[in-house]
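Several structures are given next for inspection.
In the two complexes below, subunit A is the common chain; its partner is subunit B in one and subunit C in the other.
This part shows the complex of A and B:
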């Protein structure tokens, strides 16, 4: 069997470098504003944590391979080729200290998409054998078992049986021609089973047809996190195959940030053709139901609450207003964090950080940024729409002895749902 | 600035100052400062005082074209309410669209009135450059800058072009000069024009030139139309860091030991040697300091085309790049090379993409397991 080598890594860098990246590297003015935009820098101010610096090996390959000056410099021995040791050194910068949150991209005064480049750089890190253990494990389980956490179909079936028994709702599997195919994340199956119940209740009540797929229920994509298009393509193809087999109109991405990015943005590019269905985040679907009058609520949350914007949703996905529309239906005392919406700070565990055991320490350091935001507000409840953010937030709160419960937006809406006459339930 | 009623025109400057509570002693001190800044002999001080005291308050019309109001800011901010400010108040500023209280038709009416009443006698002050490409780039009350300048210049005794924009085109004229900006002297050829360049000019130089015009008429000008009294020496010649230059002691970066010891900033791009202005002697902010004293090289703002000098931080001896024909050849060669490199890059990217081997989870585990 072939092995992962430096040569394959450098080749991947060369293959990944495209015109946008060339223009990004040539227009960087080294102003350092991306450093202040990055929570891995602000909470741990090592100059090496400056986002653009995390790309240094990739930048050197670009310079040496694709620029005249760089080629001359390399010929004259003025610049050295990127070594395996360097890539090993960079592993912690590219994986542990970056959640692909995209804040640096937004702040960059010359508009360089640094996040896009780090995602691309990971391709070379994987091909050269410098991906973290945790992400290798998650990717392996995702490919071989169908879930990065190793959750198998019987586990989901057990949850579904329990839900059907306790709620009286029907949770269909493999229903051809349904409007929605509901995808899940293993985190929701194992940590937050109430999510499935909430969606089942809302969709059924809205009179919509929906289904789960027994062939593919996992929407998260470890290939995107580890940065391997080959693995990401394999995983997203399974979702596409299931959706097209069941002939659904819309695939619903779960309360998970990167699953949305994988399905909504990277998916069609990975498989090289448009989908035959729409891909939407659950929050987008709920807001559509609200606008159509199919989602009505009663009563209000009395506690003071705020919303943590998942980066992939708000910054990389543009879903800003929808969660606020929904929250305002059920919350009387909703306050915004100082930096909210597109400028929100990451929870600290996105982009594969949560699956990476090497990042345990930095991820809790990064949480300090969220802690500062929350300390300013004195809220009773924190709401979010991403299971991965939620796990990180809960862990951060526990370590820092903060007593703020974290809730999923979908569950909160389901609790206030008014039963419709036209609904199937 | 209030609009002047006709009666104060009868008052001399001396009378006006006394009515404002300015003592003769402080007035003479001001005259002494003026004399020294204009490099006049001390024996001239009483003459300046006498001439200023007797001067009738002349009508001044101030036109602002393509400018940033920095020249007006410089004058008003740093001097109000000093003696110079009062002298300035004591001229009759009949039109200045930033400072006057009137607006709209009333303002334009004041300008037309002053031009009619003092035809042939008023002083025209201009700041900002004039766009020639399209008159619509800059207009006042629907009148293009070019038309307004020509009309106002016709009846002026003299024109003072304040700031580098009015004197030489300044920032608007910087390459590629999108508005076709030109200076006052590019348009008006039949009137005495005094250039008071600087970005902005030193406040005391503006008032000093006006005072000189009131007392002795037109000052002596250099080849670029600047009063020699203020622009006769280079910054470099009067710079307090000059001794370091002579001894070859240069700051190499803005935070090295040389910079901390106050050595010459020549290598950091100081344009002092080719810049003629009074900064090193009169200084700024009521004589507090000037840029070099604050640790930054001179950018040469009182010289024509200072924006295109080739970089504020490039030392003067470094050539500022190819020009003329060479630039055309260089550009052609560059484009050809660019196309060739682009083709090569495309090829190497395609090769890299085709030699990509699919990454499998088995490989991942093999590598991590080893």
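This part shows the complex of A and C:
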């Protein structure tokens, strides 16, 4: 990689600036409402944590480069150029204190998509050498090994053998022409192997053909989190190559929020063309199976439970109804948090925060927002559909001595599955 | 320059210059924004960007309950002064006459004492937002000189208009001249300050809403 410099960073900023961003910067009236929408401010109220302020260096580059007044001011020496020291200072704001959750984007009264701009700003942070070590490590492992956590194929194969032995299910690799290509996150392989078992059971029972790919099993995309389109493109290209080689109809994004954003929304733009297959989150697939009558359940969860909406699914993905349809199949005592659906508060560790050691303390502060939401409800169980949210929620509850188990939605559905005639299970 | 000359100047050439800078500035600023363009989106849409854009243009006039409670002063005072400004600028009989002379057509007006009451409420709301800006840690921190300039150039025309109508401090002629001059300052700085949000707010809401619409996000 060539040297990372301020100049490269500023050029990357310039390359990112488009009409929507220019409009957003022109529209901001400094009302401060985005601060109140952001858990990194509400739980840690330093005005520097105000979402729009996190973009200040990018805003100045826009003003100095793309407005007449800004150019005049620069010529007259009335504005100061962005410095390397400033970008170093901003690293903490752009990475540690933002999970790209999109809540500021939803609340902003003038309609600014602040999250979009922070995602774009990270491109310049990477180019100028101001990305956190943790994310650099995760991205490097993702590119070199194929997984941000360093999980290799033999680890997955071992999981699969164990699963096949214990369940009697067939877990196919590289089955050409299958309807679904199932992608996973390393977090699921290492920490929540029950996810794979649950999906295998449900898809097989529904009579669907599906497969894993031995060439690419990782759906998460560290390139999106660190803000490097080059890395993101490389990682998403592997998924596309695997899907096209196996000629699948649909790629299933795992219980992970940003993997869905990476695959569903950024992927086609990174490779510069539409996919030849559909990309869906597992929850969308399950809800489709439900609607087709291919997913039937029996019995109900007795405990009082609530659902934590992964930000990338609701605010950045439009997946709100599906998990609720599914939960209502198996839960009689399902209650909603005060702010739920598109208004839900982030777990505090999305958008690369969980992979960033510098954010360890900050993310636990941010968790206090979720704690407040949960304290109001007195639930016995918390369900979610994102392995990254899940590990943060578990850690946050552990630290705060809260005794609420966190479950993945897919495994909860699988536990109540009714065996279908015609299904292979 | 005596009072009459001053009044003639602000109503004549000064007004024309200000109006020209205002219109040219608006065109320039919108061109600066729109000419940056945006990339084609290859992701298969889940919903209609156009519908999403239009929905967000309207939806963002309102807010959810919790956000309202957290930002009550900003929202209430903001609403009051925006509505007040609209009424004062567009519905005062004397102003409708000005629009008629510039645009060639007019519209019905409210009675002047009613608009006068709106002006008072608007000024109070603007003072509230200024105090709030100076006291609220986030707002004070975010505020640049441009924010205070935008406030001042909005407030002074209201104040001078009010004083001219009520024959306060200076002769009504002189005050009217100052009022028109302050509006000219407003027109000139408008495109180059955050006052520009008057127009770009619709663009921003549309862009954001189009992205939401594309992703099937219904708020």
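Basically, the second predicted complex is superposed on the first by the 424 of 425 C-alpha atoms of A that agree within 3 Å, B and C clash if a C-alpha of one lies under 4 Å from a C-alpha of the other, contacts with A are read in each partner's own complex, and residues count from 1 in each chain.
Throughout what follows, contacts are C-beta pairs under 8 Å (C-beta built on N, C-alpha and C of every residue); 3 or more make two chains touch, one makes a residue touch a chain.
Because the structure is predicted, anything quoted here is derived from the model rather than measured.
Student: Have a look at subunit B and subunit C on subunit A after the superposition and call it: clash or fit.
Tutor: Aligned through their shared chain, the two binders clash on subunit A.
Student: With the two structures laid over each other on chain A, which partner does A:45 touch: subunit B (first), subunit C (second), both, or neither?
Tutor: Only subunit C is touched by A:45; subunit B is not.
Student: Touching A:17 in the superposition: subunit B (first), subunit C (second), both, neither?
Tutor: Both partners, subunit B and subunit C.
Student: In the superposed arrangement, which partner chain does A:27 touch: subunit B (first), subunit C (second), both, or neither?
Tutor: second
Student: According to the stated criteria, A:262 is in contact with first (subunit B), second (subunit C), both, or neither; which is it?
Tutor: neither
Student: Have a look at where A:68 lands relative to subunit B and subunit C in the superposition and call it first, second, both or neither.
Tutor: both
Student: Is it subunit B or subunit C that touches the larger share of residues in subunit A?
Tutor: C
Student: Based on the superposed arrangement, let me know which partner A:346 touches: subunit B (first), subunit C (second), both, or neither?
Tutor: Touch partners of A:346: none, neither subunit B nor subunit C.
Student: Looking at A:389, would you say it contacts subunit B, subunit C, both, or neither? Reply first, second, both or neither.
Tutor: neither
Student: For A:231, decide between first (touching subunit B), second (touching subunit C), both and neither.
Tutor: Once the two structures are laid over each other on A, A:231 reaches subunit B alone.
Student: With chain A superposed, which of the segments 45-53, 63-71 or 81-89 in subunit C collides sterically with subunit B?
Tutor: With the two structures superposed, the offending stretch of subunit C is 81-89.
Student: Kindly list the residues of subunit A that each of subunit B and subunit C touches, one partner per complex.
Tutor: Shared contact residues on subunit A: 17-18, 66-68.
Student: Would you tell me which residues of subunit A are touching subunit C in their complex?
Tutor: 17-24, 26-33, 35-37, 41, 45, 47-48, 50, 52-53, 66-69, 105-113, 116, 264-269, 271-275, 278, 314-320, 338-339, 342-343
Student: Where on subunit B does subunit A make contact in their complex?
Tutor: 337, 341, 345, 348-349, 351-353, 355-368
Student: Within their complex, state which residues of subunit A touch subunit B.
Tutor: 1-4, 8, 11-12, 14-15, 17-18, 65-68, 126-127, 129, 131, 133, 136, 139-140, 143-144, 226, 228, 230-231
Student: Would you pull the subunit C residues touching subunit A in the complex into a rising list?
Tutor: 28-29, 32-44, 46-47, 56-57, 60, 63-64, 66-67, 70-71, 74-75, 78, 133, 136-144, 147, 192, 194, 196-197, 200-201, 203-209, 211-212, 215-219
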